[in-house]
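Next come two complexes, and both contain chain A; in the first it sits with chain B, in the second with chain C.
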Partner chain A sequence: METMIDSRMMMTDFLTALFDKLDVAGVAVMSKLPSGEKTAFTLFTGKDDIKECVPFFPAMPANAARAVSKFTRQAVPSKTVAVFLRPCELRAFTELIKIKQASFDNLLILSYDCSGVFPFQEINLSDETKLNAYRDAVSTGKNCEGIRPVCAACTRFTPQGEDIAISFVGRSTDQPLVFSFPSEKGLAAAEQLGLDVSNTVAASSAVESLAQERRSAEEELTAEVDASLSDTQGLVNVFDRCVSCHACSYVCPICYCKNCYFDSQTFEYFPESYFIRMQAKGALRFPVDRVLFHLGRLSHMGVSCVACGMCEDVCPVNIPVSQIFKTAGSKAQALFDYIPGENYDEPLPLLAYAEQELEEFED
Partner chain B sequence: MANNETDIKIVAFLCNWCTFTAADLAGTSRLKYAPNIRIVKVMCSSRIEPVFILKVLLDGADGVFIGGCAPGDCHYSKGNFYARRKVALAKTLAKSAGLDSERIRLSWIPASEGPRFAHVVNEFTAHIKELGDNPARREVYI
Partner chain C sequence: MRESKPKIGVYVCHCGTNISGKVDVEAVSEYASALPHVAIAKNFKFMCSSPGQQLVIDDIRKNDLNRVVVASCSPRMHEKTFRTACQAAGINPYYFQMACIREHDSWVTEDPEAATQKAKDLVRGSVARVAHHQQLTSRVVDINPNVLVIGGGISGMQAALDIADGGKKVYLVERDPSIGGNMSKFDKTFPTLDCAACISTPKLVAVGQHENIEMMTYSEVADVSGFVGNFTVKIRKKPRYVDADKCTGCGVCTEKCPSKVLSEFDHDLTKRKAIFTPFPQSVPNTPVIDTENCLFFKKGKCRACEKFCEAGAIDFEQKEEIVEINVGSIIIATGFETFDPTPLTQYGFGRYPEVYTSIQFERINNATGPTSGKIVTKDGKKPESVAIIHCVGSRDQNYMKYCSRVCCMYSMKFAHLVREKTGAEVYEFYIDIRSPGKGYEEFYNRLQEEGTHFIRGKVSQITDMVDSPEDEGKLMVVAEDTLARKVRRIPVDMVVLSVGLKPAAGIEDIARMVGISVDSDGWINELHPKLGPLATPSDGIFIAGCCQGPKDIPDSVAQGQGAAGAALSLISRGKLEIEAAVSAIDPERCMGCRQCEEVCVYGAISYHPALNICEVNEAICKGCGNCAATCPNKAIDLKHFNNDELLAEMEGLMFGPADFHHGTDEQAA
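On to the complex of A and B.
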């Protein structure tokens, strides 16, 4: 564990210092929208609007890994850009680096131990009661009521691979920021910011108590999902409402494909093929291949699913998509002893193999 | 609905160089084996994607069989190692989704082993018979 220091800076001071002392080209961070209710992930190129930034606001209007991939994918930014990523967004970003859809060159990655977010539709900037309850939960290291189920069951809520970590859980948001610097880049930034690294602060025990609560919530969630998908009937029931809009893949940070396989001509059949299938079953539900889309998507990206919850946030018919993907994804990850977002050097499981392995699957 | 022997359907993906050749050899040697498999020839077992396997099961076939060269003997030197990971993933996902992963089998059958091909097909067919119809077979709303 890196040493934590009291920066003696509030968030606005820190954001200002990023421009003034680190001379960053921009800061990508959540900000308030002019409508006054919602937030968006925004790239600021100057410090004029810093008071609109709300990095810790408990909503995820988009998985920020997708946004940062857009401006790092083909060319490295010419000057340092500071980006705020939640731990799951940072993990997704690391997965995108592996598939050459993103780069961390010239980025200064800021992250924090995350207390989770509310479903996007259910949180507004003016929701004082909810936001107060959230602040209390953060400072005491508890799950706030009403946060998304995958957040409440997220056991990887501390960041991995950031340059500067802000200690969030167990602290009050009106106290100066507490930092640690896990990377060389981060340490260099600390020096440029003129931070006194001798002002050390102890880690908060709230992090471990939250971790405990999260572990048992994860077990419960897994058991629930497993029970709902225990047989073919369960599978049909779970996805019964799915309208095949594919929104869940459009917002998924890992589903980066410009032309998704499941939207391709492969799944447009000759008319007679529908009749053949219909005859075999006596009837045929349209659109076809609905459940196949989900299992197929799982087979494409399940090993990299970071359980960020975006898919579930946008599902128009409230299917617990991310709870399902988190559960099935974790099992696929365990098969290959793979943790998505842990290390950008590690190859994706289907692009690697060992000569001696998985004997139980062959004969 | 009768679950008789000819009613069972198994889709087999066989690699061109080993297991397909073994199937061919079983044929030319006039070996009898269960008539339930429908063979799809692929150039290498690594051509198979988990989506193929999952689609076959969701569309109602009772079993999926994947045959390739024995580890170390792949015509393309390492294709079957990738295939093994893909089949392992397909089986794991099938299981998580409530499908019966026992309906999926991966066997390495070298080109010269026609009798082994016939034996494995009979054995897998018998196992599928024991499991009964794939419930997805008549599931309209999947």
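On to the complex of A and C.
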């Protein structure tokens, strides 16, 4: 555990210092949209609009890893850019580095222990009651009512691989920020910021109590998903209302394909195929290939699923996509002893050769 | 997408009674005739016979068939035959599909009814698939007639000479300062006892003088790229610090050099200078400076060699050079090195001065060796008794599990030489005597008649603790004589450890560079143990000699000649047709994640940084499909095995028009 120090800075001071003392080219962070109620992940190139930044606002308009991948894929920013990533976004970012879709060169990664977010549709900047309840839950280390089920069951809510960590759970948002610096880049930044490292702060016990609550929530969630998907009929029941909009794949940080295979010509069958299938099955519901789509996506990105919840946020028919993917993903990951987003050096299971594996599935 | 409406001909083969004995071929062809797009369905006794092929050709021409399915044996047997027939009749050879109803059906199914049903299923799958086939054309590339031979031992030299005599250019790369390899260390060869130097030195000279051979000694292969017929190879030429054009090979530099180190060529039995040629008959005869031991390179002073060199050939400014060459084929002949017996502490190698490895003993026997060929102990005495211990490191679960093949024979050669030169008693400790080869068993019999003591048993210990005072100074060899069923303790003056053979260091690097694999012992895997012993899975890469496994000299020479023949045969073709069923990357879909590059074992995929996509080199691609399976974007299609074709085949296999019972309600979602 890195030493935590009291920065004596509020968020606006810190953001200003990033430009003034660290001379960053930009800061990528969540900010208020001019229209008033919603937020967006924004790349600021100057400090004029800092007051619009709301890094801790409990909503995820997009998985920020996807955004950061856009400006780090192929080319490295010429000057340091500071990016705020939630722990799940940071894990997604690490996965994207492995598949050469992102790079952390010239990035200063800021993260914090995350208390979860509300479903995007259900939280607005003006929702004072909800936001107050959220602040209380953060400072006491509890799950706030109304946050996404997949967040409430998230046990990996402390970041891994960041340069500067902001201690969030168990703290009050109107007090100065508490930092720790787990990387070389972070330590160098601390020095440039001129922080007095002797102002140490104790870790909050709220983190552990939240972790406990999360662990039992995770167990419950797993049991629930397991029960609902115990057989093929379960799969059919759960995905029955899918409208094949494929929005879950468009917002998924791991689904990085230019054109999804399921949107390709391969799935535009010849008319006779529909008849053959129809005759074989007795009936054919349209759009076809709904379970196939989800199973396909699960097999493509399941081992890398970081359970960020974006897919569920955008599902127009309220399928618990993320809860299913988190549960199935964890099982696939356990099979390969693979933890997505833990270390960018670790090869993806499909690319790692093991002389003996999956023997339990032989014969 | 389809260029023409499919019109399929289906041909069911009886294969004598191989298929028709189990499968009702009549019923299968009748069933096939009712499948979608099938215009003609027939059965015939032997489809692969000339009349069988003619049947297909005539039907294509008469009935305008544009797709053909033959239900017969495995595509490994006759896919090519029927593709050629299709091509002869004027349709694309890839508009053909084979249904394997022999190996996968009639040979392995007991029940005739089930076999007939399975044949119908397989035919239905093939018919569904062939309708989706795409026309493919193979590309033709020129073959560069130059050949690279890696390794200048007896195999490599022989290969180089045969190709050069055939009029083709050979680059012979050898990492040591001289060619010659291990054979040039030997004195006599078994079982004929002819002089190794007398038969190998002329080869060295011939290689050195051949106008078609460009020798690159003291050089290593640094990189191989390209594909069969068109390899580009980077060779790292280490600096000799002696200008080969000026050097006359007079040897004064070596004589004047004050720095002495243990000789690698004599396996530490003698010392050499820091500027040296490995042995008197070295080719080329240009010395090299070993910078690690040269006083000038170590301390900046000396330059004695430079001072005394009348030709002014010493050049301390020489730098390492990378030379690029273009060749069409590569022969790997990297040979072996001997096992180091130091870890087998019970044998006392390195602890007792009179324990030698077999390769050291070769040097002792050699006229240019440390004792000028006399067999004497380190203090100059003629030995009265010598023990030779077989299988040191070989046939040993802890070291090398395999038999090194040559040790029994060279051990017996030693026994003969020791008796001939010194009259000493020789004790051979063996597990089994292995003497398969022309004249080998006869040599074994001769040795027994000569009075060599053969003791069947593994030596448990060699010690200088002797039993009686008169044996003081001797080594005690302790072993169980498993035939006499008693423990023997034999005092001897010298011990020879017949060490096994292992792959030469660096072989994995070479294998990786050319995209081939080594087995669990480190030897190179040949293409086929029986029918492709000199070829590798990488086209245009051949192997010869001990890089594939332990071999004696005749086998190594034979392989060198064989590999040369294979390379010459490739060159004679001039052009090469490249298989059309390879993978292709759709640049519109590729995201440049490079996962395909990592799983491609042939090195056929490369990354194009400017476009941020990966590309397939069709000439290297073997069509294994690893990349297509790995690509999460499905940007890669394996031609002839693309998703359309496979899905169509699977749907065809699973539910035909008449088999509705296969489906279930769940699949409706």
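The definition used in the following text is that the second predicted complex is superposed on the first by the 362 of 363 C-alpha atoms of A that agree within 3 Å, B and C clash if a C-alpha of one lies under 4 Å from a C-alpha of the other, contacts with A are read in each partner's own complex, and residues count from 1 in each chain.
By our rule, contacts are C-beta pairs under 8 Å (C-beta built on N, C-alpha and C of every residue); 3 or more make two chains touch, one makes a residue touch a chain.
Predicted, not measured: the structure shown is a model, and the values here were computed from it.
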Joint occupancy of chain A by chain B and chain C, clash or fit: clash
Partner chain(s) touched by A:335 [first = chain B, second = chain C, both, neither]: first
Chain B versus chain C as contact partner of A:74, first or second or both or neither: second
First (chain B), second (chain C), both or neither touched by A:99: second
Touched partner set for A:276, first chain B, second chain C, both or neither: second
Chain B versus chain C as contact partner of A:240, first or second or both or neither: both
Which superposed partner A:298 touches (first chain B, second chain C, both, neither): first
Contacts of A:258 with chain B and chain C, given as first, second, both or neither: second
Greater residue coverage of chain A in the superposed arrangement, chain B or chain C: B
Partner chain in contact with A:229 - chain B first, chain C second, else both or neither: first
First, second, both or neither for A:284, with chain B first and chain C second: both
Clash-bearing segment of chain B relative to chain C, given 3-11, 21-29 or 93-101: 21-29
Chain B/chain C common contact set on chain A: 232-233, 235-236, 240, 261, 277, 280-285, 290-291, 300, 350
Chain C - residues contacting chain A, complex: 1, 36, 588-595, 598-599, 612, 630, 632-634, 643-644, 647, 651, 655, 657, 659-660, 662-669
Residues of chain A defined as touching chain C within the complex: 74, 99-101, 232-233, 235-236, 239-240, 256-259, 261, 264-266, 272-273, 276-277, 279-285, 290-291, 300-301, 348, 350-351
Chain A residues touching chain B - in the complex, by the definition given at the top: 226, 229-236, 240, 261, 277, 280-285, 289-292, 295-296, 298-300, 302-303, 327-328, 331-332, 335-336, 349-350, 352-355, 357-358, 361-363
Parts of chain B lying in touch with chain A, wherever the complex brings them together: 49-51, 54-55, 58-60, 71-72, 78, 81-82, 84-99, 105-108, 120, 134-142
